[in-house]
Amino acid sequence: MHSTFRLVLDCPDQIGLVAAVSQFLSSIQASILEASHHTDIHLQRFFMRHEIAADSITLSDEELRIGIQDLAQKYDMKWSLSRSTEKRKVALLASKESHCLNDVLHRWHTGELQCDIPCIIANHSSMQKFADWHQVPFHLIDFTNKTKAFEEIEHLLEHYKIDLTVLARFMQIVPNELCEKLAGKIINIHHSFLPSFAGAKPYQQAYDRGVKLIGATCHYVTSTLDEGPIIEQEVMRISHSDSSVDMVRKGKRCEINALANGMRYHLEDRVIICQNKTIVFN
Amino acid sequence: MHSTFRLVLDCPDQIGLVAAVSQFLSSIQASILEASHHTDIHLQRFFMRHEIAADSITLSDEELRIGIQDLAQKYDMKWSLSRSTEKRKVALLASKESHCLNDVLHRWHTGELQCDIPCIIANHSSMQKFADWHQVPFHLIDFTNKTKAFEEIEHLLEHYKIDLTVLARFMQIVPNELCEKLAGKIINIHHSFLPSFAGAKPYQQAYDRGVKLIGATCHYVTSTLDEGPIIEQEVMRISHSDSSVDMVRKGKRCEINALANGMRYHLEDRVIICQNKTIVFN
Amino acid sequence: MHSTFRLVLDCPDQIGLVAAVSQFLSSIQASILEASHHTDIHLQRFFMRHEIAADSITLSDEELRIGIQDLAQKYDMKWSLSRSTEKRKVALLASKESHCLNDVLHRWHTGELQCDIPCIIANHSSMQKFADWHQVPFHLIDFTNKTKAFEEIEHLLEHYKIDLTVLARFMQIVPNELCEKLAGKIINIHHSFLPSFAGAKPYQQAYDRGVKLIGATCHYVTSTLDEGPIIEQEVMRISHSDSSVDMVRKGKRCEINALANGMRYHLEDRVIICQNKTIVFN
Amino acid sequence: MHSTFRLVLDCPDQIGLVAAVSQFLSSIQASILEASHHTDIHLQRFFMRHEIAADSITLSDEELRIGIQDLAQKYDMKWSLSRSTEKRKVALLASKESHCLNDVLHRWHTGELQCDIPCIIANHSSMQKFADWHQVPFHLIDFTNKTKAFEEIEHLLEHYKIDLTVLARFMQIVPNELCEKLAGKIINIHHSFLPSFAGAKPYQQAYDRGVKLIGATCHYVTSTLDEGPIIEQEVMRISHSDSSVDMVRKGKRCEINALANGMRYHLEDRVIICQNKTIVFN
C-alpha cells in the first residue's frame, strides 16, 4: 500500500470552497486518490476529505502544513493532516468476551486495520493467553476500587501514548472526566441497535420486547452512556425460534462487523464528528 | 391455489403433543402441506400450526371441529380453524400518504394478499380517487370531533363485518376502548424501527440521533402507543448524505415491505400473539 | 423541489481536473448541491457529476454551455448538461405482469420518479385497464409478426419522442438494430442475479441449482442478451421451504426495487456507462 | 449445553409419517427440543430432523437404534442418529489466506462450532505459526507432485479418522476419486456467489462484469468443480468506488460468514443432501 496524506477539514459553507481546496492541491501537483465532501444544509457547514498520493507532493511536510494553514485561515477551516504510514496507537479494553478482540487482532495482523496495538487492558485474566499469542502486552486491572482502576488505565493510555481507545466489550462505565479527556478518541461497541436497548443486557431487553432484528452499534463514547455519536450499525434478522444462544451468536457477528468498520473509518480519518452525529466518508 | 385448512393451537407444554395432534390428523387422512411448532421454554407453552389440503379430509366441517375439540379438551388447548377460501374482510384506514395503500391494493388485486377489502376509511379526501380506481367504497371521516369520528369508524367496521383493521399510515391515535375491542385484529405500520423513535415524526428523530439504518415496524395495536406485539420489521442503510427526501423514500420501502409481510402472516394465520410478543410461523 | 442543473463529464485522467471544473463553477457563482467523482485507475479515466442549484447561475443556458464547451475542449471531455425540470419521456414496455408497472407508475404519480410517461406499449391486453386508470395511452402490439411488431414499437418511440425505454417485464427479445439505436437509453429488469441464470425462466434455473438467495438485475440492454452494463441488483434469502409461489413473490420485490433504483439513477443522470460497466453516483 | 440426539431421516412421502415418528418418540418419552420437516412435492419425498434431550430417553443407544430401525423398515426410511456430545473430527485444508482459518478456530475455541480439529493441512508454511498458537498439528504438503500430495492428504484424513474435510480457501482442485470417496463429507468455501464466477479469480471476474453485489458460497465438493450442493451463501453490496482491496475485504467477510454457517449446519446435522441441492433445517 502506498503512503498517502489524508486532509480533512470543515468550515462554514460558501461558494468556491471546493475550487479553493482543489486549486491549492492542483498547484502543488497533488495526485488525489479519493475526495469526498458534504454540506450540512441545516448547519450551513461544509465538510471535506482528500486522500492524496504522498509521493506526488514535492513540498516538505512543513511547507505543506503552511500552505494548508493559509487556506484554512482564509475560510475559517478546522483541519487535520495525517500520513497513512504514521500508524495510530490503539489500546484495546476488554473483559471476558473474546470475539471482538480476536477479530480486531486478526485484521490488524493481516494489515486490514492500519494501526499499532501496543497494549490490551482488561478487568479479567481470561484474555491473557490470547494477548500472549499475539505478543501484545496485557494489563490486568483490579476493579475492586473503580476510581483507582481507571486512574491506572489513564496512566497506561498515557504511558503507551495511545491515540485511540477501543472498548471491545469492556463491561465497565468510563468516568465522565476520562470520557471528556478522550473525546473523539474513544470508541465503544454496544450490543444493540441504539437508541434501542441502551444500558445493561441489551439482548435480554431485545428478547423481552420481541423485536425481529437485533443489532450492534459502534459509537464514540461521551459522558452520557450509550448516547455518543454513532459511527456504524449492523443488524441481523431473528425469530421466535432463536434461543438466547442463537441471539448471542448472531449479535456477536453484528458487533464484530460494526466494530471493524467503525475502527477502520476512524483510523483512515473518514469520520468527522459534528455535534452528536458523524459524517462518515466511506 | 387449492383450498386449505389452517389449524392453529397452543397449550401447556408436555411430551407427546406433536404425536397426539399428528396422529389425529393422520387418523382422518389429512394431507399436511405445512407444519410448524415452537415451545417457549420460559413459559412452558407449546404452539403449533398446520396447513392441510382441504380435499384430503372427508369429514364435514362440523365433524372436524368436534374432533379437534375433543383433542383440545384433553390437552387444555386454545385453537382456531380457518379455511383459506373464506377470505377475511380487511378495512384500510388511511390519511394522505398513498404508498402503503397502493402496495396493499396491488397485492390484493394480484391475489398475493388473500382477503376482501370492502372499504377504505380516511381523514383526508386525497385517497378518494385512488379508492375509486380500485372500486373500493371510500369513507371520509370528519375529525373535528375525534370521539364522534371514532364512533363513526367503529360503526363502519361493524357494518362491513371487518375481520382485520389496518392502519396504513393513518395518523390518528385509536382510543383505548377501540384498541381493546379490536385486540389482535388491528395492525399498524409505524415508520421507525421500534422501540426506537416511537410517537410522532420518527424520521426526524432518527435524523437527529444520527442512526445509520432506518426502519419500519408492523405491529398489533394496543392501548399503549407503539408498544403492541411486533409482527415484522424492515431496515435500510442510510448515511449523512441522505436528505430528508431520501430518508422518506427509503423509509417508505421499509413500510411497504413490513406491512405486506405483516398482513400476509396475519391473514394466513401464521401469527400467534403470546403476551406482548408474536410467534410467526413463516 | 428546486430546479437544478446536472453536469456529467468524463475525460482522460490528469492532475488538476477537479480544480479546473470547480474553479469554473465557482467563477460563475454556481452553488453546488452534490458533487461526485471517480477515477478508473486501470483506464486512467476520470468521471464527474455535479448537481447545481439552477437559480444560483446568472448565465443563460447558451452561455453556460459555451463555458463548459471551452473547458471540455481543453481536457478532451465528453459531457452532458440537463435540467431537473426538463423531464425525460419514458415508455414502459410490458407484457402480462403488473408489479413493475404498478410500482413505477405509483412512484411517478407521487413525484419520486421525475419523468413523463407518455405511453405504455404491451403485447397483451391485460394491462389496458391499468393504463386507463393512470390515464396513460396504451398501445397493444400484435406479435404474430415480430419484425413488424418492433417496427411499430420503434415508430411509437419516435412518435412520442421517447428518451428512455423501459422493459418492465416485457418478455420479448429486442432486435439487435433497435438495441444499438437505443444504446444507453433502454433499460431492462431481469428476474435473476446476473450473470447467473441469464435467458428464460430464471426462477426455475435458480430452483434447480438450489441457490440460497435469489435476485433481480436492472441493466442497459445491448445486443448480447442479458449482458449489458448492470445498474442495480437486489437479492433476497430463500430456503428449501420456499415454494415457487414464494420465490416469485420474493423475486418480484427484488425486481421492483432494482428497477425503481435503476430508473431513478438514470433519470437523475447518476449513471455513466464505461465499456460494459457503470459508474453510479448514488 | 445439554446432550442431545439428532435423528435425521428421509423417505417416500405418504400420509401419517409425522404421526408415526412422533408417536414413536412419544412412546419412549423423548423430549423434543426442535423438530423440522419438509416435503419435496416434485420428488414426493419427505425429510425430517428431530433434536431430542438425551436424558429424556431411558432406552440404551442400542435399543433406541433398534426402535428407529423398525420404524425405518416400515416406511423405507434412510436415517442417521448422532449425539451432540460425540464431536466430529474436522480437518482444515488451507493455503496462504488466514481469515477463514482464524474465524473457524476462534468459533471452535469458544464452543460455537461443536467439533474437534485434530489437524490443519496446508500447501504453504505461512499458517504454521498460526496452527501452533492454537496447538493444532500442522502438516505441510509438498505439491510439486499433485498425485502424491493428495495421497498424503488422503492418508492423513484416514490417520486422524476425519469426519469432515473443510477446504478453507485451499487453492487446489481435489481429484475426482477423493471427491467421490468423501462425498457429503467435504465442504468448500468459494469466493463468489455461485453459479456466477465459478473457477479461478472470482473477484476479478466480478470486477470485470461490473456486478453490484459480491458473495461467497459454502457447498459440498463434488467431482464437478464448484457445482456441488450449496449449503449457504452470503452477499455484500459493492460499487464502482470499491478498489480490489475493498472487494477482497468485503468478500472475506462473506466467506467467513458463509463458511461458519455452512460448517455449523453440517456439524449439527441440519443439512440433508437431495440430488444436487440441500435441505437446511436452520
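List of remarks:
By written order: A, B, C and D. Residues from 1 in each chain.
Everything below uses one rule, namely that a contact is a pair of C-beta atoms (placed from the backbone, for glycine too) under 8 Å apart; a residue touches a chain by one contact, two chains touch by 3 or more.
Just so it is clear, the structure is predicted and the values come from calculations on it, not from any experiment.
The chain pair with the larger count of C-beta pairs in contact, out of C-D and A-C, is C-D. The chain with its Cα centre farthest from the Cα centre of chain D is C.
Per-chain Cα centroids separate chain C from chain D by 41 Å. Note: centroid distance chain A to chain C, computed from Cα atoms, is 37 Å. Shared interface positions of chain A, i.e. residues touching 2 or more other chains, are not present. Taken together, the touching pairs cover every possible pairing of the chains. Within the complex formed with chain D, the chain C residues making contact are 38, 40, 193-197, 209-213, 215, 229-233, 235, 239-241, 276-280, 282.
Contact residues of chain A toward chain C in the complex are 15-16, 18-20, 22-23, 25-27, 29-33, 35, 37, 39, 56. Residues 1, 98-99, 102-103, 106, 109-110, 112, 133, 245, 249, 253, 257 of chain A are the ones that touch chain D when the two sit in their complex.
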